[in-house]
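Presented below are the structures under discussion, each in the form of C-alpha cells.
Each of the next two complexes has subunit A plus one other chain: subunit B in the first, subunit C in the second.
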Partner chain A sequence: MRKYLFIFKAELMSALQYVANILLHMITYFIVIIIFFYLWNYIYDDPTQLINGYSKTQMIWYVIITEIIWNIVSGRKLCRRICDDVKSGNIAYNMNKPYNYIGYILSSHLGEGIIKSLIYITFGIILGRVFLGAFPTLNVLSIVLVILSLILAVVIDTLFIIFIGLFSLYIEDANPLFWLYSKLILILGTMFPIEFFPEVIQKITTVSPIYVICYGPAKLFVDFNLNNALNIIAFQFIYLAVAFGLCGVLYAKGVKKLNVNGG
Partner chain B sequence: MLMAVKNQIKVTLVSVKYALMREMLNKWTFLMNVFFMILNNASFILQWIVIYSLKQDIGGYTFEQVLLLWAFTASTFGISHFFFRKAYSLSDTITYGKLDSYLVQPKNILISAITSEVDASAIGDMLYALIIVLISKLTMWQVLLFMILSICGGVILTALAVILASLSFWLNKSDMIADTGNNMTTHFATYPEGIFNGIVKFLLYTIIPVGFTNYIPVSVMTNFDWKLTLMVIGATAFWVAAAFAIFYKGLRRYSSSNLMIAKI
Partner chain C sequence: MAVIEVKNLGKNFNVKLKEKGFMGSMKSVFQPSYKRVEAVKGVSFEVQEGEVIAFIGPNGAGKSTTIKMLTGILYPDGGNVKVLGIDPTRQRKKLAYEIGTVFGQKEQLWMHLTPYDNFKFFGAIYDIPAEEVEKRISELNDIFELQDIMNTPVRNLSLGQRIRCEIAASLIHRPKILFLDEPTIGLDPVVKDNIRKLIKKMNKEYKTTIFLTSHDVSDIEKLCKRVIIVNKGTLVLDDTMENLKYHYLNKKIVELKLAQKIDFSNVDGIKVLKQKDKSIKLEVDLKKKSLSDVWKLINPDDIIDVNISNTPLEEIISDIYKGG
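Right, the complex of A and B next:
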C-alpha cells in the first residue's frame, strides 16, 4: 500500500506544477454551468415550481456537483493514457515494476485529481452561491457523508474507466467504448437526476454504476437524508469491490495476449 | 490564380486520401470508431426527449429543429475534424518546431499543415448528420442548402481553430487556450439560441461563431432567407481571411527547433 501512496504523492506534487492548466479548464466547467443555468431558467416558470420533486436551485446545484465529479475524473484523458500505454508498448515498462498496473494507474490518476478536486469544489460552490444565492441545508455529519460519497464516486468511476481502457489489450483502441460509457454517464446521470426518466430506465439506472457515480452524491448534496446516505454509501462500497474485481480479471486475462514489438 | 487554387485543392484531396488510407489500415478499429461516434451522437436524442417532456418549446425551437441543430453541429464538426484535423493540434506543431517540413513544400503552408491527417471518427459525425437529414424528409433544395451551410460552418470552425492555435507564435503553451476555445464552440452549438440572452448571445455571434455555424443555418433551413444565407457565406470569408492573416503574421516569428522528423 505504501508504494501506491508514494505514487499518489508524486503525482500530487507533479499536478501542483500545472495549477494554471487546471484553472484554464475551469473556463469549460464555467461554460457548462452557464448553459445549464440558462436552460433551467428557461424551463422553470418560477423559482418555487417543482419538476419531478426538484426546484430550479436544486437542479442547478445537482449539475454543479455531477460536473465536478466528471471533471475530477477526466475519463477521456485516463482512457487515452491506458490505450496509449498498450499501443506504444509502454505498458511493458510498468509490468516489470514491483507494483500492480491497476494500482499504479489508479493511484497516479487520483494523485493528479486531488488538486483538481480542491479547485473544482471551491469554484463550484462559489459559482453556485453567486448564481443561485441559496446553499443546500447541510450539517457537519451530512457534509462528511457527502464528501465520503463524492470520494467513493470518483474512485469507482476511475476504476470503471480503467476497466474500459484495459479492453485495449484485446482490441487496439478502447476509446470508442469510453465514448459510449461517458455518454451514458453524462445523459443518465450528470445532466438529470434519475427521477426525470421513465420508470423502466429509472429501475435500470438505480442498480447501475450511474447511481453510485453521479446520482448518489449529487442527490445527497441537494436533498440530504441519513437513510439515503447510508444506502448510497453501502452501495458504493459494493460497486467499489465489483469494479476492482472486474479490472483484476480483465487485466490478468488481457495481459497474456499482449505482444510488444521493440520499444 | 485559378490554376493555383485548382492545384492546391487537388493536392489537398490527395493528402486527405492518403491520410484516410492510413487510418483504414486497421479496418476493425476504423469501423468501430465510425460506428461508436454515430451512437455517441445519437445518445443525446434521449437528453432532448427528456427536456421536451418538461416543456414543449425550448428557446423557440421544436424537437425537429433541435435535431437539425444537432445535424449542423455534427456535420460542421465532422467536416472540420475530418479534412482539417491537424488544425486542432497546430499549437503543438508550432510550439515544437514541426512546421519546418511544411515550409519547404511548394504549396500553401497553412493548408498543407492542417490537411496532413484525418480523424476517422469524424466520418461518424458526418454520417450521423446524414441520417438526421434523411429522417427529416428535407427537399432536394434543402439538402443542397444544408450541405453548403455545413461546409461554411466546418470552414469557420477550422478558421477559429487556426486562429487559436496561431497564438502559439506569441505565447508559450497556448494549446490549453486553443482546446478551451474549440470546446466552448461545441458546448454552445448543441443548445437552442433562444435560451441565451444578453452578453452570451452577443458572444455567440462574435468571438464564439456558433451563430453562423448553427443558429442562422437552422433558421435558414426553416424559413429560407437569402440575406441570412449570404451573411453566413460572408462570415465564412471573414473568418478564413482572419485565420490566414493571423497565421502568416505569426509565421514571421516562427523559429525552427531543429527537430528531425520523418514524414512518410
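Right, the complex of A and C next:
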C-alpha cells in the first residue's frame, strides 16, 4: 500500500506544475454551470415549484456536484492514456516494476485528481452560493457521508474507465467504448437526475454504475437522507469490489495477448 | 552460477496485413488477414553471475522481444526461461525486485520531480525502508557524482545527466541483473565514456550482471567480455569478445602510398578496397596471404607511406549480421 501512496504523492507533486491548466479548465466548468443556471431558471416558473421532486435550487446544486465529479475524473484523458500505453508499448515499462498496473494507474490518476478536487469543489461551492444564495442543509454527519460518497464515486468511475481502457489489450482502440460510456453517464446521471427518465430507464439506471458514480453523491448533497446515504454507500462498496474484480480479470487475461514490438 | 537460462525460446506475432489504398483499408475491416511472424526462433543461451554481456543484432532481430520475455513482459510461445531461478511470466512481480532496467530511449524517472524525490519514489516502490533508502541515495550520490543535480527537476537536466540518474535509480534496489537497452544513445563521446565507466564501476562494486543491448560498437568493445548476436530471430553467434576478435580479425587493412602504381586486382587473398593513382587501400585475408607475402609483391624502395590496421569491429559485426 505504501508504494501506491508514493505513486499518488509523486503524481500530486507533478500535478502542482499544472495548476494553471486546471484553472483554465474551470472556464468550461463555469460556462456549463451558467448554461444550466439559466436553463433551469427558464424551466421553473417559481422557486417553490418541484419538478420530479426537485426544486430549482436543488437541480442546479445537483449539476454543480455531478459536474465536479465529471471534471475530477477526466475520463477521456484517462482512457486515452491507457490506450496509448498499450498501443505504444509503454505499458511494458510499468509491467517490469513490482507494482500492479491497475493500482499504478488508479493511484497516479487519483493523485492528479486531488488538486482538481480542491479547486473544483471550492469553485463549485462559491459558484452555487453566489448564484443561488442558498446551501443545502447538512450537518456534520451528512457532510462526512457526502464526502465519503463523493470519494467512492470518483474511485469507482476511475476504475470503470480503467476497465474500458484495458479493452485496448483486446481491440485496437478502446476510445469508442469510452465515448459510449461517457455519453450514457453524461445524459443519465450528470445533466439530469434519474427521476427525470421513464420508469423502465430509472429501474435499469438504479442497478447500473450511474447510480453510484454521479446520481448517488449528488442526490445526497441536495436531499440528504441517512437511509439513502447508507444504501448508496453500501452499493458503492459493492461496485468498488466489482470494478476491481473486473479490471483484474480483464488485465490478467489481456496481458497475455500483449504484443509489444520494437525498441 | 547461471543467472539467466534460456532454452529454445520462441515467440510469434500475428501482424495484420492491409492492401494498399482505400479499398485495401475497407477490405481489412471486413476480411482481416494476418501474417504470422516468428520474432524469436529457438534461442538458447546462459548468462553467468557477474558477466557483462552484449546482446546485439540489427533492427528487428528479436533482441527486444527476447529481453521482454526475460523480464516477464511478453509470454513466450515456446521454450523455457529462468532468470535467477524465477519463471518471469509466472512470477513477474517477484522477479521485478531482483532486476533493474534502463531504456535509453524511454525515461522512467518522473520528469517534474528531482532525482532525490525520484530515488525516494523508487525506494518506496521496491519496499525499501526509508532509512535504508537515504543510505543508498548517499551511496549512489558518491558513485554517480550527483550532488550538483540532486535537487534539480529531471526535466531540466541534460540527456547525459538524466541517463546517469536513470542508471542510479535502477540500482536503488540493488538488482542482481541490470538490463541496459541502448544506455548511451544520443550522448556525446565524453558523456558516453563516463556512462561506460559507471557501468563498469557498478559491475565491479555490486557484482551486478549486465545484459546490454546497443548499436554502438564502442559500448560493446569497452564493456563486454561476451557477445551474443541474434538475427532474424535466431542466435547466430555466442562467443567471448576475445574469440570474436581472434576469429574474425583475420583480415588486415593495408593502406599504401607508392612511388609506382601496382595492380593487385588478380591476387588471391587481397581485395582492393580503394585505389587512386598510386595510393591504394587493400584488405588482406591472413588465412590466404600473410603480410610478408604482400611485401614481396612490392619493391620496398617504392613504399612512400604505409598504414596497417585491423578491420573495425563494426564491420565484423555488420558482416555477421549479413551472414558473412
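Keep in mind that, in the parts below, the second predicted complex is superposed on the first by the 263 of 263 C-alpha atoms of A that agree within 3 Å, B and C clash if a C-alpha of one lies under 4 Å from a C-alpha of the other, contacts with A are read in each partner's own complex, and residues count from 1 in each chain.
Keep this in mind: a contact is a pair of C-beta atoms (placed from the backbone, for glycine too) under 8 Å apart; a residue touches a chain by one contact, two chains touch by 3 or more.
As the structure is a computational prediction, the values presented were derived from the model and not from experiment.
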First (subunit B), second (subunit C), both or neither touched by A:K256: second
Which superposed partner A:F197 touches (first subunit B, second subunit C, both, neither): first
First (subunit B), second (subunit C), both or neither touched by A:I171: first
Subunit B versus subunit C as contact partner of A:L180, first or second or both or neither: first
Partner chain(s) touched by A:K97 [first = subunit B, second = subunit C, both, neither]: second
Which superposed partner A:Y54 touches (first subunit B, second subunit C, both, neither): neither
Shared contact residues on subunit A - subunit B and subunit C: none
For the subunit C and subunit A complex, residues of the former touching the latter: 13-14, 60, 64-65, 68, 71-75, 92-93, 96-97, 99, 101, 103, 105-106, 108, 110-113, 117, 120-121, 124-127, 181
Footprint of subunit B on subunit A - complex, ascending: 21, 24-25, 27-28, 31-32, 34-35, 38-39, 41-43, 51, 171-173, 175-177, 179-180, 183-184, 187-188, 191-192, 196-197
In the complex, subunit B residues that touch subunit A: 26, 28-29, 32-33, 35-37, 39-40, 43-44, 46-47, 50-51, 54-55, 58-59, 121, 176-177, 180, 183-184, 187-188, 191, 194-197, 200
Of subunit A, residues touching subunit C in the complex: 2-3, 5-7, 10, 13-14, 17, 90, 92-93, 95-100, 256, 258-263
